[in-house]
Amino acid sequence: MGYKLASRKEKKDDTVITVGNSSVGGKQLAIIAGPCAVEDRDLFIEAAVKLKKTGVQMLRGGAFKPRTSPYAFQGLAEEGLKILAEAKRITGLPVVTEVMDTRDVELVAGYADVIQIGSRNMQNFVLLKEVGRGDRPVLLKRGLAATIEEWLMAAEYIMAEGNNQIILCERGIRTFETHTRNTLDISAIPAVKHLSHLPIIVDPSHAAGKWGMVAPLAKAAVAAGADGLIIEVHPCPGEALSDGGQSLNMVNFSLLMSQLRPVAEAVGRNCFDEAKNLVRQNII
Amino acid sequence: MGYKLASRKEKKDDTVITVGNSSVGGKQLAIIAGPCAVEDRDLFIEAAVKLKKTGVQMLRGGAFKPRTSPYAFQGLAEEGLKILAEAKRITGLPVVTEVMDTRDVELVAGYADVIQIGSRNMQNFVLLKEVGRGDRPVLLKRGLAATIEEWLMAAEYIMAEGNNQIILCERGIRTFETHTRNTLDISAIPAVKHLSHLPIIVDPSHAAGKWGMVAPLAKAAVAAGADGLIIEVHPCPGEALSDGGQSLNMVNFSLLMSQLRPVAEAVGRNCFDEAKNLVRQNII
Amino acid sequence: MGYKLASRKEKKDDTVITVGNSSVGGKQLAIIAGPCAVEDRDLFIEAAVKLKKTGVQMLRGGAFKPRTSPYAFQGLAEEGLKILAEAKRITGLPVVTEVMDTRDVELVAGYADVIQIGSRNMQNFVLLKEVGRGDRPVLLKRGLAATIEEWLMAAEYIMAEGNNQIILCERGIRTFETHTRNTLDISAIPAVKHLSHLPIIVDPSHAAGKWGMVAPLAKAAVAAGADGLIIEVHPCPGEALSDGGQSLNMVNFSLLMSQLRPVAEAVGRNCFDEAKNLVRQNII
Amino acid sequence: MGYKLASRKEKKDDTVITVGNSSVGGKQLAIIAGPCAVEDRDLFIEAAVKLKKTGVQMLRGGAFKPRTSPYAFQGLAEEGLKILAEAKRITGLPVVTEVMDTRDVELVAGYADVIQIGSRNMQNFVLLKEVGRGDRPVLLKRGLAATIEEWLMAAEYIMAEGNNQIILCERGIRTFETHTRNTLDISAIPAVKHLSHLPIIVDPSHAAGKWGMVAPLAKAAVAAGADGLIIEVHPCPGEALSDGGQSLNMVNFSLLMSQLRPVAEAVGRNCFDEAKNLVRQNII
């Protein structure tokens, strides 16, 4: 009883998912960026406006946060969703945000352009079915220690309910190595491209857990054929309530955007339009 | 922001959880047994009656099943819960069953004596909070690749909501070794005993994934200090809809029960009363 | 091209390896103990005499030490071998020690009753062949991240050269869990018993990396069917030049010996003769 | 007792290792290619000549082969070394080959320009010391499950004996994922660049274990900042005695060489000179 709908055998052509004015899975590289959590209205709007200028296609930000400790910041819930919606109105950029509870799927779908299923919920099968019954594209993160086959089977759960709009996201797997937070499984990119027609993007921030490693991993992901990236950027990483140590600041993110362009072109991808000019003009 | 309520520092004495006439965490070894899934009323009642005679303290059986594939048997849902309740009425044994959806917690609590949180939901934080608000003891399985610290932090999520009745369950972790389904982390027993006051039991069936290994692993777990075992037993493993290959049949389970007694006594545990006699009398 | 000579299919009966007056693989449980490294003549002789009284069957001690850092104590080399030989003369107990270099095999075989191949050399194929050409029994430790199949294949390398006297030793594998130094793969015991006729012992000291966990893991190993144990014991663990934190002192080791007897008997094993009496008589 | 000589703190500038007319660690990307094993004189010479035309800087080929099974092809030993020497004379390209036995270090150094220490011998400390006493550059592969720290400590063993010419080689680590032979730890590249001044190259062939994945992983490695690549190429992969399934044939390797150039340039690297022209001219 393997996956069928998610299989390349079932559908030969790459699935391209359209979100607002951009798309994931086509020739254009998709860059999604934003702070780990939505923490504060003004801070988030400011970040969104700056990110827009760098050329990103989508904004990310968590309103419901899955934290290892019950005593850590758990997110702003619906208030966070409203801030996301405001950022979308102002920038015109679609927003990606996580849902954790079957009871919240409808609420989140009312605000988000793409619904994220986090690593810890990759095999939360009731949640997969619930987002499968909706019409929002789903960003499905690979589980902490999920095999590629289990990951595609999780996609199958969503597709079996009728929703074919799935973006897979490799975010590092758990291994014995402790130098990085997780081990980015770069091989998952060609593996998924071979086994499935679904697009795959990479989250170098959670994989590395260290902002200094984000740029080389992002470039590696693009060179290996990833359809996009989701990157944590925070206007002031040192003050972030969640995952500050792995967030790029605006200057480093903008620099990375300019470095990604030639790599993307080297592997035959089109790239965002605005970043290069902005860096030249010293706008950010 | 580590765990507090789950810590041995916070509470020096072992927590003993009373369920019906039996308990988990005291001198008595607790044995929970039953088929992986509740598949059929007559089959389950027959198994329950036989298991009662072997001296087990509790019955297990899944009504909601977390299956890797959406095309695999997903459980009988409320119908399965009703069969569990009937088995309880007939045998007098408390029942353990899994909940997967926050929306089902109240329903499941209406039938189950102990609510199970499965491995794939160990970091389903909204589900942890929901069972934390109830008054049913919770059997919290360790995640596929969860550290001991993350596991205790998951227990903390439940305790932070007010429910202190938690039974931890080691069920094997994911490693590179493929000979077994998972690698039973036997060291987790002394580790948890050192770090926490909560009781810990072991699931050798899911750890090994092969019924032929269940007996040696069960004995090892008891020798290492586990407070109990949860074992898959099926009247006819070859016909099981789920996990048949790792289920013991009645004869082998009964044999294991008789072998566990001397091991339990060797490490200062009291053991179930009836099994030895039954085996002698050839009742099962 | 799998293993043949090491396979249970090739030889149905358990292999029993005789070393001096004791044996490994038969009904009798074999206990090997001693400090990690031979550091000092007087200290080692004193430890050997005390260990003899607890009922151990063999002494262990490293003369050539594989250390992660080139700046850590590397062992006393031939001087260490001579101390081992003296301890053997005084106590009558056979000695186990490691060889790391093909050029030293003959030298080590001149002093040792059992030659140890360490974890880091489990796939040092030229060393395996060299000890395979000799007539000394070989204690073959499982590699840090070796599969059971690779481990049996390493045994096959030795056997293919003519030496069938192999004792397999499970010592923990590398996983994501950091609470223990390694993860003791307790399932390897029934797995090896099923796949091979070779005896298997367990090293709980290196598996746990913490002396406080050695006793529960040792009992678990015996309950799971291990043919013996190899345990680090140091007269003064706090002063050990190598692995002090995982060494038992004499009192705790003696206590463990008395606790192992009932567990061994519970699974049908005969046990060492002297320990129980000595503890009763307060000799050590 | 950490590493010192291998540390970036000890030496700020990148170490550049000169081998023949090429170098590893500078601006130029170093490509090493060849069959897994030297199997046949004519086949190897033919491959060497073709590889020279693609623009590679060095040839690889094993004369002593570490094989999991004692019944698998073990290499041609000195005969293989002589073939390597002939290939070097004909092509002018330096050769890299593995040594497994301390007794063979002098012999191998008589033929090889770079001596390889394989993954299984990364913690064969006596072998590390032996090559450390010589003057040949050492290609030090990361162990199957070695941490980055242990790997740098292995380099320290070589350096502590006086040999500073070390090329680190990431070749995939062992994880739970079975889709690939190993999991290429792409993060090791920026990690090593941060921690050490030593050059690091990547072996995508052993990491993936599937030739179809070699090209994307090779491009990813270059984009992440690797100083070079070591790639298995076989004139006729289907007939290889060792690792045929992961070897590229000449056409695919030549294609990869042409694809690597723009990626290398995108991250500021100079690239081999000849490949692009040859592909254009349809010479191979």
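Order of writing sets the chain letters: A, B, C and D. Residues in each chain are counted from 1.
Heads up, the rule we're going with is that a residue touches a chain if its C-beta (ideal position, glycine included) is under 8 Å from a C-beta of that chain, and two chains touch if they have at least 3 such contacts.
Bear in mind the structure is a predicted one, so any value in this text is a computation, not a measurement.
In this structure, the chain pairs B-C and A-B differ in their number of contacting C-beta pairs, and the larger number is found at B-C.
Ranked by separation of Cα centres from chain B, the top chain is D.
Where chain A touches chain D, over half of the residue numbers in use are shared by the two copies, so each contributes mostly the same positions. Computed centre separation for the pair chain A/chain B is 36 angstrom, with centres defined by C-alpha atoms.
Within chain A, contacts with two or more other chains are made by residues 145, 174-176, 178.
If you draw each protein chain as a dot and join the dots that touch, every dot ends up joined to every other dot. Residues 145, 147-149, 173, 175-180, 183-187, 189-191, 194, 207-208, 212-213, 216-217, 219-225, 259, 262-263, 265-267 of chain B touch chain C in their complex. Interface residues of chain C, counted against chain A in their complex, comprise 145, 174-176, 178. Within the complex formed with chain A, the residues of chain B that make contact are 1-3, 66-72, 100-103, 120-121, 123-126, 129, 143-145, 150, 153, 156-157, 160, 174.
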